[in-house]
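Look at the two complexes coming up: chain A is in both, with chain B in one and chain C in the other.
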Partner chain A sequence: MRVRTAAVAAVAALSLSACAGGGTPAGSNSAAAPSGHELAVPTTPVTITFEEAMTIGTLKPAMDKLVADFQAKYPNITVKLQGDPDYATMYTKEKAEVQAGNAPTIGQVYESWASYFQSGGAITPISELAGTDTPPQLAGFYKGVQKDLALGDGKNWMWPFNKSVLILFYNADMLKAAGQSEPKTWDDYATAMKAVSTNGVTGSTIDPGTAAGAAFGTQWFEILTKADGGALYDADGTPHLNDAGAVKAMTYLKSLKDAHALATGKNYPGETALGALKGAFDISSAAGYGFEKKTVGDKLTLGISALPSGPQGAVNELTGTNMVVFKNATADQKAAAWAFMKFITGPEEQAGWAAASGYLPVTPQALPQMQDFIAQNPYETAAVSQLDTAFALPPYNWIFKCQGYEATAIQDVLDNGAAPADALKTAQDACATAKTQG
Partner chain B sequence: MKTASRKGRRPAFGGAGRAGHYARLALALLIGAAFVFPFYWTVVISLGKPGEFSNFPPALWPHWQWSNWSRAWNAAPWVRLFANTVLIASGTVLLCLVTSLLAGFAFGVLRFPGRKALTLLVLSVLMMPGTVLIIPDYVLANDLHLLNTYWIQIIPWGASVFGIFLVRQFFLAIPQEILDAAALDGASRLRVLRSIGMPMVRPALLIIAVNVFLGSWNSFLWPVIMTSSTMDSSNTVQPVEVGLSIFSSAEGTDFPGLAAAVTFTTLPVMVFFLVLQRQFIRGALSAAGGVRG
Partner chain C sequence: MLATVLGVTATTTARPLAVPGRPARRRNQARDFRTTRWGWAYSAPAVLIFATFVIVPTGYTFYVSLWKWNALNPAMSTFKGVGNYQRLFAATQPTFLSSVWHSLYFSGAMVIGGTAVSLAMALLLQRGGVLLNASRVALFVPHATPVIATSMIWVWIFNPRFGLADWVLHSLHLPTSDWLQSSGSSMPAVIIYSLWHEVGFTTVVFLGGLATLPNELSEAARVDGCSAWQEFWYITWHQLRPVTTFVVAITAITSLQAFTQFYALSGGGPVYATTTLSYLVYQEAFVLSDTGYGAALAVVLFAVTVLFTLVRRRTAAGSESSLV
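And then the complex of A and B:
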């Protein structure tokens, strides 16, 4: 353990006490009034920065291409990528940069993060960039993506970036040997999971997430709840984590665990188990296809399908993040940032980005240019179709914390044997408190 | 002579003695294998085919896929990152040793008003979780123009509460008479510290050096937040630990690439230790001998 200087401690204490007041970054809460005119692309040299978690990782070539294509079209604009290794670190860094007054021009954000920055007056609304809250390009996005860009005030503050949905990967050979077929409903899924869970095989291994953040296991629970007719959150972010649908979903998970058909782990455990021939299914992001394919190699026939349906039909949840423009950027930087965001979400760039990264294109207009990719990856058609109906959790600051409470509840039930209703009551109380704190 | 000498060193085994010898040997091999296996397996994964890392039971023989190594090698300026890590870790250790020695001497030997309160104040820092401070620390570093420098990775970690406490405890154990005798002979405080204190607290300094070096070598969150990624640049100030994160993404991890990078960034440290292990052990033993007085 180490000590810092007294000065650091004093500044830390001051900063912490400042944060305790509102828990949001400093700054005014008023957004600039829409001018009615879209910001014109600057013609003089301008440099913008983009804080993202893509270039530190395997997606670097795809990100570099987006930037190179943009800079080829607008040679006077330089885009500097500020890569972070993961989302949690990126959020910490973005908060620190905002506090220090040197926020990037553009930042990759989840909806709840955008809410945090917006409540502190740290980001710019789309209307200030596009001259309108509903720029023409918006209508070209998938409907689920369109709905994902507004914050609690109903205005659009975000622009889409790396979007995806969850899909089902499975060991087709194992299913066939167990006399099972691709599950169409969650009941089918439970039956298949139990059927394959013999001889050291566990149907699926999930990452339930942690108090610090959600994982695909958390999102599966959210999807199951909605598919059962439950609602974890109202539109205004009021939580109902112990809603009957949520308890039913958690009981479903517990029954699978009790039947030794479900296990928990960390760091993409479903993918690892699938590759080790110790698991039959993995619910993961469509964008993870490349990793799943590498992991299973030629050891099995990899089946891919849309998620099974529940009583409420097919339900899916958006994964991935959006972009925001930070307030402290200059007028030229904001104009350049807007040009960049529009450019990379255009059909041509989206087609290239989706094929290279595994994320889904945010606009169906990209599909005609992706025919070769779709022919090689037939799951893409089913996945993109769900972008119209996939839901996103309400965009409020506390939702991020509440997903951590959901994850803790899943852990309590699956790993510690807690009763679903009790674990979810604890999560509900904690989430309600978080909402009160804002 | 040779034969006699060997006979002199090796016990003559009878039935039970020989069995005991082999049992000890087997145990030593087992323990050795337990320590070596994780590194060996990392090498196997780094040379394995895609997906092999997830095999169960694990693959035990490499498939010599050197393409994983070339991919990993080209992913970042590793020599620069390695040099950065050595510089940052060495600088931090040096600074920590100086501050631990001086503060430990002050708290353990010198008598001044408020000594106990000040000691408690320093120790109380142990109760402050580092992650809570990271945003205010960033703001301060920005104001001091220390972001993206080596200094921000060294200076804030240049004092260790554990180190100060350890050295203080060692100084408290030194008989006051020795220090008084030195003072009577006209030694200044710094002379007492240099000629009497330092040799006697050498074991504590060794422990601090190893702990701080390892902590600095493994540091991840602090350099990630305080420096910007410039993995393409030969001017990056980031350490190896941050460089290794390029093999992970939000959707998965390139395990063979990561294993290859871990192997070639760990290998120099292991070789360094193996070459100098006798000196390390001798140093630790002689240092331990220093406290018996």
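And then the complex of A and C:
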């Protein structure tokens, strides 16, 4: 009986292997040559799907409005939103849908996710949609946004969606009481953090991220590293996680922790602590403004500023995602998807989207239509100005793993008291191995 | 005296004497029926379902483990042979052995702690009455709740700055803990949650076992002058050995496969301190998209679980034969 069972299993495995056809390349992961012709907006009824995570708070109505506006202009095109509660769930679903041959037409992606999808020949290059790798709309985007759309082959595979940078939220009343002012440099920030950390208050609480994904604490470390002159990664994704700048940045974090001015947590801990009057600062996405405001209510005067500067000047990192069009869409769906992506990144829609969602407009052409919003939210001017210079990590799929190693190193230093150089050496070795494995 | 008690136990709890040949004939009849066409026909639906959802995926997982698997496009996969298995011992973040150790740590704590606590609770609650019956329900309720939902609540209970756990410790002037934020305390925190969630079920199992025990042996032991501890150790628990074996086996297997609480409470961290083998399978295969390596880990987890099952079967056979 046992022999029979084993035989059945072996036959099943072999039959599946035959189905899988492993080892015989059948897909393409290279961009097709530009046709020179942009896909025309279809005139017959078309339905496209969009896998997205704009499902909570003010994001959902903002997303719904984009779709409603588009459908009003193109009544023959129906956009079905496939909402997910968070990015991790969305990525898992997108992968499962591609594997099942049932990918959405459009999906939100981080750069490393797009690289992974490209490696499986699952997405469509922009050139196939626009007829060129550099459609005219591209030049209208902020420079940092423009650079964030290409993958390792140098060609554009993504189109911008919900972009942002990190900004500093703080309890202005607490700073005033401690005799501190808005920090302009990271040294100022450390001084202010230590000054307010008394009577049960910890300057800031960060989420360092986990091995399964980065969080704002991970990005703060990356920003500090760049501000201290560190490289982090070469353009080809080669890691430098334990260079002098990275060690200096990690040492900075450790000194704050040792001074009881920094704590770690999860589930937006900085925002929670700020609202509970147990924290003075929170480094978070500009898109988190609505959430921060709701959390603190009338309990304090919420200050907002651009991130402090380091020896290398003002450094910021792009947050948020881009869009890709999946390969298994029909020609009409791809054409409709391209029309949708161009429409929602146009100046008028971006102005409305940015004001309603808190994300930053991807084009400065939206700003003239946002004057009322900017007057009420002065931080917006400083935040959008950083979209020209904000960096993005190289678009390779191992970077996703490496950010997990960065997060683990931060945990090891802040939670276990490990030496920064040792923790980062471990992260560097693991990341270099991940790069080798591809 | 104890020898007498043990002797009584051995003879009184023995199964009714079987008529020689009878059970054997019944087994033979059953075997004969299973080999008929009707036997195959009746069992075919179950076999088909089992094959579809267990045997084939298991074989497929082993197959995938031999490749650098491109889950998006299997045709682009490259054959690695035992390469993924070699990587098990080359990986550093985390090391394979550390995740095995975390699995054993968690399983050991759940088996020992869970069995001891649930047996103690069952002994306390076995007498019945309105209050104790209500306590049984209260004890079982956590097991009826979804792990993912209650884990999210316990994340806040364990919050070192705003959580209930540290508030209680602080109120009692006891040292507080960082719970899920520290490598040293994160696994104990997950174990505390898991015990809270699982003990209700195993307590009910023990209560069921206690309900079937005859009173005569305990009365005889007390007449012979046994203390309460001796009565428990040599009479009650001795008779509960099959139940205990079942609880230990079930707890060991479910603990080895535990995933949700690690996902929701700790995310395998900090610094991989709660990355068990089953969590690592998920992380590698589904988060980091390293499907071939994840499949190799799954095969190892499968082998470990099979090993536990075989040990359980051998132990169960031993415990049953000891009572005959």
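The definition used in the following text is that the second predicted complex is superposed on the first by the 407 of 438 C-alpha atoms of A that agree within 3 Å, B and C clash if a C-alpha of one lies under 4 Å from a C-alpha of the other, contacts with A are read in each partner's own complex, and residues count from 1 in each chain.
Heads up, the rule we're going with is that a residue touches a chain if its C-beta (ideal position, glycine included) is under 8 Å from a C-beta of that chain, and two chains touch if they have at least 3 such contacts.
What you are looking at is a predicted structure, and each value in this text was computed from that prediction instead of being measured.
Participant: Give one of first, second, both or neither to describe whether A:G290 is in contact with chain B, with chain C, with both, or with none.
Facilitator: first
Participant: Name the contact category of A:P378: first (chain B only), second (chain C only), both, or neither.
Facilitator: Once the two structures are laid over each other on A, A:P378 reaches no partner at all.
Participant: Taking the superposition on A as described, I'd like to know which of chain B and chain C A:P368 touches: first, second, both or neither.
Facilitator: Touch status of A:P368: no partner.
Participant: A:K278 in the overlay: touching chain B, chain C, both, or neither? Say first, second, both or neither.
Facilitator: Once the two structures are laid over each other on A, A:K278 reaches both partners.
Participant: Look at A:Q99 in the shared chain and tell me whether it touches chain B only, chain C only, both, or neither; answer first, second, both or neither.
Facilitator: Both chain B and chain C are touched by A:Q99.
Participant: Between chain B and chain C, whom does A:Y268 touch in the aligned arrangement: first, second, both, or neither?
Facilitator: first
Participant: Once chain A of both complexes is superposed, is A:P311 in touch with chain B (first), chain C (second), both, or neither?
Facilitator: Touch partners of A:P311: none, neither chain B nor chain C.
Participant: Based on the A-chain superposition described above, do chain B and chain C contact any of the same residues on chain A, and if so which?
Facilitator: 5, 8-9, 12-13, 16, 92, 95, 99, 267, 272-273, 276, 278
Participant: Okay, in this complex, where on chain C does chain A touch?
Facilitator: Interface residues on the chain C side: 51, 55-56, 58-60, 62-63, 67-79, 90, 92-94, 155, 159-162, 178, 180-183, 267-272, 275, 283, 286-290.
Participant: Flag every residue of chain B that touches chain A in the complex, lowest number first.
Facilitator: 49-56, 96, 122, 125-126, 128, 132-140, 142-143, 156-157, 159-162, 164, 212, 215, 221, 224-225, 228-229, 231, 242, 245-254
Participant: So in the complex, the part of chain A that touches chain C is made up of which residues?
Facilitator: So the residues of chain A in touch with chain C come to 5, 8-10, 12-13, 16-17, 20-27, 29, 88, 92, 95, 98-99, 116-117, 119-122, 202, 205, 210-213, 263-267, 269, 272-273, 276, 278, 397, 400-401, 404-405, 408, 411-412, 415-416, 426-427, 429-430, 433, 437.
Participant: Which chain A residues qualify as touching chain B in the complex?
Facilitator: Going by the criterion above, the answer is residues 1-5, 7-9, 11-16, 19, 53-60, 82-87, 89, 92-93, 95-97, 99-102, 162, 267-268, 271-278, 284-285, 287-288, 290-292, 294-297, 299, 320, 358.
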